[in-house]
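The two complexes that follow have chain A in common; it is paired with chain B in the first and with chain C in the second.
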Partner chain A sequence: MLTAAPAVILVLLVLGAALIMVGLQSLGLMPVFGEPQLSLNAWADSTSLLESAGVSVYIATLSTVLSAGLGLLIAVYALTAGRGGRLVAAVSAATIPIPHLVASGAIGLLLADAGFLARLFGMPEGFPQLVATQWWTAVILEFAWKESAFVALVILGSISRSAMALSETASTLGASAWQRFCHVILPLARLPLVVSGLVVFVYTLGSYESPWLLGPLAPEPLSVRAVRLFGSTQLSARPEAMATALTSVVIAVLAIAVGLLLVRRSGDRS
Partner chain B sequence: MSSQLSFSGISHRFGAQEVLTNISLEAPEGSCVALLGASGSGKSTLLRIAAGLERPSAGRVLMDGEDVSEVNAEKRETALVFQQPLLFPHLSVVDNVAFSSRMAGHSRAAAHRHACEYLELVQLAGYARRMPGQLSGGQEQRVALARALARQPRILLLDEPFSSLDLPLREDMYELLETIREQLRPTIVLVTHDRREASVLAESIAVLDHGEILQHGGVAQLHHQPASRAVNRILGGLNEVPGVVRGGAHHSPLGRVPVPADTAEGPALLVPRQESLCLTAVEGAQALGRVTQVRASGAHSLVRVALDRGPEQDQEQAAVAVEVTGSPELRPGDITGVALQNPSGWTVTR
Partner chain C sequence: MIRHTSRTPRLRRLGPLAGAGVATLLLTSCASGSSGSSAETQEFEDFDAVLEAAEGQTVDLWMYGGDEQGNAYVDEHLAPAAEELGVTLRRVPVTDTADALNRVLDERQAGREDGSVDLVWVNGPTFSTGQQAEAWRCGWTEMLPNMALTHPQDPLLTDDFGTPVDGCESPWHKAQFTYFYNSETVEEPPSTLPELLDWAGENPGRFTYPGPPDFTGSVFLREVMISQAGGAEEIPLQYSEENFEEFAPAAIQTLEELAPSLWREGSTYPRDEQALNELFTDGEVDYGMTYGPARLTELLDSGALPESTRVLPLEEGTVGNASFLAIPVNAADTAGAMAVANLALSPEQQALKANPDVWGQFTVLDLTRLDSADQTQFEELPSSPVVPSYEELSENAHSELDFDWVPALDEAWRESVGRG
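Let's look at the complex of A and B:
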């Protein structure tokens, strides 16, 4: 416990100071200019804030679900398919160091109306609109592509040593391939899946580049709204930017709390 | 419940390396056959082939004469207990033992009732609700055994299941296995590198070395009539006395020792076990020698003796190890007599 103290104190100091400043600025108590005055003006446009929060939660939820599902499949394939599986795992892992900004650009070039795929198919009229759509398809696909590799890596790191031996044991006890997946691999992968899913949710909730590049102009997710307001030439918009960022933090903290509850319950059961 | 298991001409390769070569072996219904060999001898691979976890490169696996080589592990009606218990960490003890019943489609209640019978058999009925992490190593291995038995396999395969346990626990497990054999009469194939374990548990032992069966026979036969020097060594035999078989007897510094009538004449090694030799008084001794080492080993001692050359000029120098009870009053350099306790001996030529 004591050995972790220096790191914890440092994190608390930086994070605490930042959050206090953000909170004070959002309440008008630390203005860029003028006298400090308690005000809820930054929180007044709650409709827009809630809409942004809804979009962010929608993108993060779908991205997390897709990443978790894909990551689990990649991990199971890597565990069971021998050399082919190891190749898939290596290719998946290679996506991790690519920055989201670059990945978003690549996905845009691939999926846009006049992108690589559309040209490959001869630019048919029925080619679906995937970039800047109201469903945030390209954004979610970009997150799913990048984060599924992360999820797979976490699962593989956690269960690869025990999963094969336990799976073989299950097969000698009469379990079919599907039963082994449901009754052995999935329960073993549950904890790393929840933990990595939680990381993906919080990350995608706060990630800016992909929604900014591949999403529609409106409505804005919290991250894009916060950056736009923060960079606005109107310094009076700064408290609104802070309120938006703080909303993102509150949602992330709630997600972490729910996730930890799930992890603890999972631990109690096993 | 039990069946006959046969391996017919089994060979297996991992890439370019052949790990099993033309293995043919039978485990009769209700018997216990031990596969004994050092690490890398191929014994665990043979067991995995029996379980259906590996497909042999050549040859067939037969159960009651039926070829099951192409049958998947989950449909093969065998159960395998590994060196590590490999209990499912997310399931309680009773759920682990009920696993095969649940996979077969039985209700949770029925599977639990069935599992409890086997937990009683391994004397762990009171541990049903515990999680694997709350058990000791011995208890975990008992649960693994109960889980395998609950599958009601035609063949029970044991891959060094007791090697990670300490000695008293191992003795307990031997007794438990004896009880299980009395009650259920399963056919058992046991893989072990421990010759004592093989001797205690099995009726017959197949000695594997570099992917080949060197000899398969009864426990006493393998100990006292090994087919080769390698088998003698793997079974713990320490003595190889060079000499010549002539006129129905082996002639060596140990003297004239009668051998079976069908033994081929010519140079041969006499392989008396250290337990079959005894130290005698110098006067009138079958053979004489000088003590080179006395090593205590619990209640026994191992005395190494360099034998004097016999009356025949062409006899080679020989040394023997003699296991004696207690601690003999001998020191290196002392002269002692050595004799065979049995009236006849056994020779090998390779």
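Let's look at the complex of A and C:
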């Protein structure tokens, strides 16, 4: 407890100060100019706030499911496929340092209506619309690509040694590949999978660049709405921006609470 | 894992939390306490005193960083000239001018008197917002010797988006809203805005505009409203709810009806001018629009826009405005900022900046007030192969509506057309 104190205090100070300021501003108690006055106006437009929250949760959920699934596949392949597997692990690890902004730009160039892929196929009529669609396809694909590498890295880092030894033992005892996956790797990978999935969910929930670059103009996720309102030339929109940001924080905290509950449970079982 | 936590450790665990909470409360209350007393700023007797105080100062000029010619002009021409006055000019690029204002407001909120923003290249909405928050230093421009070279009654320089300038910002250059088209795909370009909208209806998927509140898209929306009302003189500049109810619905309805014929059937819109330019260059749409026609020359040269791009003059004219340099009230290097603003207004710098090979921005000076040597500088400027002269572009031009129209219209658009 004491050794963690310096870090905890620092985080609490910075985060606490920021959150208190955000809360105060959302309630009109810290206006940019004029007298502070308690008001719930910023929270009044709850339909569009809820709509934005819905979009954010939709993007985060799908991105998390996809990247967890893909990440697990990459990890399993890397563990079982020898040299090819190590190559896949190295390639997926190499995508991690690419910033999301660059990755989003690249995905945009690749998948846009007149993007690289469409041109490669000679701009066919039926080329699917992926960028700026109401299903947020390109955004989710970008997250799935980048975050699956992260999930794979976490899984590999935490289980590679034990999994290798155990599945070799299992295979000498006659376990099939499927049995080794179900009864050795999956139970071992469950905890890192849940933890990294949680990180991915919270990250994609608050992430701005990809939805901003690759998403449609409306409806907008919380992050995009918050930034738009914060930069609005109408100063009265500031409290709304803060309310939006705070909503995002609340959802993230709830997700973390649920996730930790899951982690504790899976810890109990194993 | 600890399952049973006794009372004391939990309280102890809460200790730092409570401490942090109290500390932050103190911090925030201190900050908001001191921000009220920012009125006292440095005053100067005359411009010589300004120049004297400016020596050795470093001026941070916050400006939109996405315009490479603009960046190059400031770095290669304005900054060296400022150096001769003993002022170091540092360009701070921002993605949106509102970021600069936000920084000023945040610093004021935190009670900082030696602000990190000294000079801002502002547009109308940002200026107007800053005026609401009393964030700009006022009454300093008449002190600038080069202000005498501008026309005192030039409507573009006395009002900025309907907000009186009142010496709170110094003019930098003029701009004219300009449409352009691809001459390879459009054989008979329209000559008025209603004709352009008709063209868009007849050619599904070949036209779109940036979605407001993007700056360019927002201008287009106002132009449509003015056009639907039958001209700029029909709409009162002053914003009021009655005026809004009278004129806005027609514009929104027109754009709503047009939406199915737009790019992507109007289900979404490009987010800004750059995104529209990309669609234009990729051949997805046939029209583009910009409030910075000066950039077209360079965009064509660099291949960012196709060679077949042509400016589309409209018979009824388009909206024009001027952009300005403003100094925040809490700027740390006010004198240096004033010296730079005066320098930026000098005939040499204005002529240099008007050169299409440098930046191509239209001058704010009244050429009849210059001596003949300075006039020659402007007369000898090369002309751009794409962009017509300012006189031609600004024919029948109208000025911007009051700023209050902007957010009201943008919001109405977002709530209806923008939802697709």
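Convention: the second predicted complex is superposed on the first by the 270 of 270 C-alpha atoms of A that agree within 3 Å, B and C clash if a C-alpha of one lies under 4 Å from a C-alpha of the other, contacts with A are read in each partner's own complex, and residues count from 1 in each chain.
Criterion: a residue touches a chain if its C-beta (ideal position, glycine included) is under 8 Å from a C-beta of that chain, and two chains touch if they have at least 3 such contacts.
The structure presented is a predicted model; accordingly, all values stated were derived computationally and were not measured.
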Quiz item: Since both structures carry chain A, what do chain B and chain C do when superposed there: clash or fit?
Solution: fit
Quiz item: So, does A:A175 touch the first partner chain B, the second partner chain C, both, or neither?
Solution: first
Exercise. Examine A:A44 and indicate which partner it touches, taking first as chain B and second as chain C; both and neither are also allowed.
Key: neither
Exercise. Decide which partner touches more residues of chain A, taking chain B and chain C as the two options.
Key: C
Quiz prompt | Which superposed partner A:L166 touches (first chain B, second chain C, both, neither) | solution = first
Quiz item: Which angle, as a multiple of 10 degrees, do chain B and chain C span at the CA centre of chain A?
Solution: 150
Quiz item: Thinking of the overlay built on chain A, is A:L260 touched by chain B (first), by chain C (second), by both, or by neither?
Solution: neither
Exercise. Would you check which partner chain A:T233 touches, where first means chain B only, second means chain C only, and both and neither mean what they say?
Key: second
Quiz item: Is A:A90 in contact with chain B, with chain C, with both, or with neither (first, second, both, neither)?
Solution: neither
Quiz item: In the superposed arrangement, which partner chain does A:V184 touch: chain B (first), chain C (second), both, or neither?
Solution: first
Quiz prompt | Superposed arrangement (fit on chain A Cα atoms) - minimum chain B/chain C Cα distance in Å | solution = 14
Practice problem: Indicate the residue numbers of chain A shared between its chain B interface and its chain C interface, in ascending order. | Solution: none
Quiz item: Residues of chain A touching chain B in their complex?
Solution: 162, 165-166, 168-176, 179, 183-184, 187-188, 190, 269-270
Quiz item: For the complex, which residues does chain B have touching chain A?
Solution: 51-53, 72-76, 78-80, 82, 84, 86, 88-90, 99-100, 102-104, 131, 147-148, 151, 157
Exercise. Report the residues of chain A in contact with chain C in the complex, numbered from low to high.
Key: 1, 5, 8-9, 12-13, 16-17, 20-21, 24, 30, 32-33, 36, 112-114, 129, 132-134, 212, 216-219, 228, 230-235, 264, 267
Quiz prompt | Touching residues on chain C, where the partner in the complex is chain A | solution = 1, 9, 12-13, 16-17, 19-21, 23-25, 27-28, 32, 96, 98-99, 102, 105, 109, 125-126, 128-129, 132-134, 211, 213, 264, 267-269, 271, 279, 282-284, 403, 406-407, 414, 418-420
